[in-house]
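After this come two complexes, each holding chain A, first together with chain B and then together with chain C.
And now, the complex of A and B:
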């Protein structure tokens, strides 16, 4: 490589294009420095600084919504900046912001150092933001591993409790397994795309576009098919789709509540963004739709059925929300399947993700307030009488759960409606039938939870003294304001999709 | 002199990968499971280097450095979790780690 080539390659590294990620990563380092420099009595400021930094990055992102790099590739094709990338950046920043909020409530009850939590959270968020803009398998792998390893730490963060550590170990084994499958898939695709004996082979085999071109020229290569199946399996692990959902209930239960929320929302969002980048309308896997679509269709149907049926029998609310999250992954997969035949499907998936974010964080916010020191043992029974003790929390819970269940006119209903319309346009009738059945089942367990919070007077007075309910945390004004905003946003987004709908090109 | 061709390398790599995968699914000791996970990464690395050499492209070799770094980070975090868990439970057998049950 001559000096001139090095200069050209360096000129392509537009650092300003990844300014939000750089800010988050620097902020993460600043937090660690602050922990050393600040006197101990001021350490309470650090979570505030982290939240303020995320909020500032989010505002900066909105102010510079159309950067000059939009629509171009930077870093020698490693990254591609698109409107979708901007939307998902905002999505992850919002998720991180609400996770910070939950962490302040939950970690306050645990004898744990706090600073590292925010540090790792910021790094993971930056990795997710890079992941959704990846245009090259190298970038995909490195970003995915950065976020996964960060999540191992976060899941096992309450290291004095066995539940959190066990959840961490299970997540570690499952995550590493899925990384192995994904990596082997990438390697096979790389090897076959670079093979000089095949037509349209490429010297830049890990670039999405080059790979897509090669696959168009070789529509039935065995090694390429195997590679695609392995990559899909790796991504399916991350989103918790059937049959790779085994880790979900245990990890969701054991992880600290803010991390469970982050896993459910942000990690799932990242997985679906990757899936859409690979299998979506312009993705490199499109020439292999004969292989990809049947797999995704079967996966979507099985995921919806499994998630909803398994959630029916749960009494632990974290397991319940985990398994219902599996069902939501199934509905989102339905949208991905529909993307082949409907122009609005991609937008519908992103809208669903936003509705899911609002509703989930509303519910997790209530869970963080109701839970006691035993973070893994949050039972449905603890919600008895919530409407009397705290009408505000009970209302937020009802709105959040209603939106998750898809009750009109909440945002979750619109999300499901858009996905179902897209699936109808794409002609996935059988899958729609399964999805509709899934929605009905989901209403049963979501309303069981709402019933526990509101209608305790209807249950006969328990003779056996139930294990004492945890004391819970009173609602602070920041948390109250945020939860109120989340609930209100879930309602408003159901009536008026406005600018969000325009970004997502729903119409 | 007999030089191995691409298929020999791939065969070894697939074998290593299969051994690793089987180990993760079958073995009950967390440390052995962890070693098997690393074996899967190494198998992918071997295939990557072989492809890189026979295709005449360098990015495979560069990718290997990233994989090694990631594997090292994973081991650091993983062993820390296993040690912390062992201190609390005095066991790392997969069957006995059953706190999280419905």
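And now, the complex of A and C:
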């Protein structure tokens, strides 16, 4: 390749188009430099700098909400910039911001270096932001691997505790398997699309549009079907959908609480953004709807049932929220299924994700405060009497759980409502009934948690000792403000959806 | 002075919610209590205003006081549309009366953590008023849930025996009901093709292009069972006596009195006019379930109760059977009777729950076997309780009489057999009602009662307890003597219903 060709290929490398990602990545490097340069007593500043950097990037994103690149492809078609891409960028930045907040609370109790955590978190966030804008399997895989490898580190971050290491190992094995499946699927699709013997074959076979064209021309190719199934399986691992959900409870329990939150929210969001890009209305897999839709439908129903039923018996709150996260993945899959027949489904999924973000971080924020040094052993019993000790935390918890359960007037209810309406429009009626049943089941365990925090349980007689409760962390003003904002946002978004609905093109 | 410078419905809904927000933000207790009088009182004044001027104000599409507010969901055809028609106005008024009574009773109850208790009651009250003032089906559902959530929490925190179990059961049953009806409402929204949750738009659209009959039947079925669970249709009623038995009195008053009417109201206001063919399909199964299950079986179960509060809970399940029968009968007379009965039952059951708690304060038990002779010590309480029991049985002179009468009249032309069975139920309710009054207040004082009475000599009702009770009784009596004040608007609202039904056939 001559220099001239390279220059031509790089002609549409618009670096300004990925400025937010670049800022995050350089900030990550700056943090490492700061650790070396700053005297040790000032190391406490580093999390603040990371949070401030994320907040700044978020503000910058809002200020330049309609960049010139919107609606175009850059980097030779590797990336495509759209409004939903902007929304998801904001989604990941918010998730990273709140994860930083949780990390300040949780990591303070652990004998661990702290800087690397923020470093890795920033890199992973940047990778997620690229992932949702990917328009090419190469970009998809590189971004996905960057974030997955970062998450391996984060999951096993508490390297002195066995639970975290075990979680890290499980996540590594499962993650590697899913990456392998995904890669195999991509390779199959690439190979078959590049086959010159087939009509509409393409030299740029990893590009979504070219792939879509090829699949339209070959609507029943066996290798392509196999590739699609494998890609779906790989993505299903990431979102924790049945039957690829086995890793979820252990990893969620063992990972440090902020990482659990990040996994639950950001990683799931990324998975669904990819799924929508591939199987959504304009996605390359649309011609294979005959194959994709039955798989997704079965997956959605099974995921909803499995997640909710398995969560019923949990006493460890991290496992509980992990399994309830599986159930939420099922509800979101319902939205993806509906995307084939309902114009509002895609927006509904994104709205659901936002409501999930607000509610989940509210709940995780409370968990981070209630937990003691044993990060993996957070039990429902620890919440007894929370409403007397800290009415504020109890209220935030109730709002968060209520929103997760989908109780009006909270944002989670609107998310479920939108998804349900979309599902009905798309004719997925049986799935809708399963989902409705799932909501009822979910009430049981969410309400059980609220009950543990609010209602006075039967106290054992004086001679038996009461179960030891961890000391917990008092609520600082930053954390208090953030949690209050999260809870309030869940309420306000339930009453008034305002511009979010328009951005997401709900109507 | 029929024109207020503000929207009376919005102000009535927002006032309690605003105070609840203030309390949540840390209003001191003294002010919380003082303002609670205002926040429970203002809606009643406004409701009385709407009732008084109802026929005088301009009506659009049968609705008075119609206003629309944009909440950012207009793209989906959802907007906060408030208004009252002849069906919702009486219920709105009833919600305001019961709300004030429950609020007053709560204030004097001196409950632990009174501020939070009042806050939850205020949220509930705001939601209840919203349910009956909403013309938009989405907000109708939304306000119902808003009112429902505090119930669970109040049962769980301030409840009596078995409160944890009761709270859980209540939550799960009512969520099932709510989810089924939500699916039904979504189906209605999507299938109608009107692209709107606005009841007026839906009505107009469906009158012009009615749904296929199978869809009408299916959606109607979803609504019947969804709403049915919420209204304790037999055999989905077991949450009700348990929940009411455990609930603190004010929550039981608001839930049994007002919130439970949501399901019936939904059937009357949404299901019947929009899905006229559905009723024909479901009327007979519904009527048989109601008469055998709710009226006779639950009636007999009520007779066997020994716990005063549980008995009232079961009796309210039984009375819901009459409401379902009226709906099944389907004629304007029957539906009108149901609306009137909903108002009357709301007032009378709230009165009975209130008095039952007052009885408990004096006897320290709900077990009727351990009571007796309270009338000597508390004659006013006894008199009020007997009056409340008469109202609940449906004695002439009380509002309940007119409702039940109209239902029976309508039911006769629907099915004489069912009517006979239903009237047998009235005898049952007379037996358990009067027997309860006799056991609690008359006869010989039991040992338990004597023991309690020596330790805490029972006094008669204090004025703080009397006022809410008298308020409810006065309303019952007022409607009983002057039913026309409510039945006229009800009839007007129901008059066009048969026309819609005919067009759609």
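Quick note on the criterion: the second predicted complex is superposed on the first by the 493 of 507 C-alpha atoms of A that agree within 3 Å, B and C clash if a C-alpha of one lies under 4 Å from a C-alpha of the other, contacts with A are read in each partner's own complex, and residues count from 1 in each chain.
Here, a contact is a pair of C-beta atoms (placed from the backbone, for glycine too) under 8 Å apart; a residue touches a chain by one contact, two chains touch by 3 or more.
Everything quoted here is computed from the prediction, not taken from an experiment.
A.B. asks: Is A:424 in contact with chain B, with chain C, with both, or with neither (first, second, both, neither)?
C.D. replies: second
A.B. asks: Spot which of chain B and chain C makes contact with more residues of chain A, would you?
C.D. replies: Of chain B and chain C, the partner in contact with more residues of chain A is B.
A.B. asks: So, A:408: does it touch chain B (first), chain C (second), both, or neither?
C.D. replies: In the superposition, A:408 contacts chain C only.
A.B. asks: Could you tell me if A:496 is touching chain B, chain C, both of them or neither one (first, second, both, neither)?
C.D. replies: Touch status of A:496: second partner only.
A.B. asks: Tell me which partner A:200 touches in the superposition: chain B (first), chain C (second), both or neither.
C.D. replies: Touch partners of A:200: none, neither chain B nor chain C.
A.B. asks: If you stack the two complexes on chain A, which partner ends up touching A:447: first (chain B), second (chain C), both, or neither?
C.D. replies: second
A.B. asks: Contacts for A:478 in the overlay, against chain B (first) and chain C (second): which applies, first, second, both or neither?
C.D. replies: A:478 contacts neither chain B nor chain C.
A.B. asks: Let me test your reading of the model: by the given contact rule, A:455 touches which partner, first (chain B), second (chain C), both or neither?
C.D. replies: second
A.B. asks: For chain A, which residues are in contact with chain C within the complex?
C.D. replies: 344, 395, 402, 407-409, 413, 417, 420-421, 424-425, 432-433, 436-437, 439-440, 443-444, 447-448, 451, 454-457, 495-498, 501-502, 506-507
A.B. asks: In their shared complex, at which residues does chain B touch chain A?
C.D. replies: So the residues of chain B in touch with chain A come to 10, 17, 20-21, 24, 30, 33-34, 37, 40-41, 43-44, 47-48, 50-52, 55-57, 59-60, 62-63, 66-67, 70, 73-74, 77-78, 81-82, 84-85, 88-89, 97, 99-100, 102.
A.B. asks: Going by the contact rule set out above, which residues of chain A touch chain B in the complex?
C.D. replies: 138, 141-142, 145, 149, 152-153, 156, 159-160, 162-163, 165-170, 172-173, 176-177, 179-181, 183-184, 186-188, 190-191, 194-196, 201, 203-206, 249-250, 253-254, 313-316, 319, 376
A.B. asks: Can you name the residues of chain C that touch chain A in the complex?
C.D. replies: 24, 71-73, 75-76, 141-142, 145-146, 149, 152-153, 156-157, 163-164, 167-168, 171-172, 175-176, 179-180, 182-183, 186-187, 189-190
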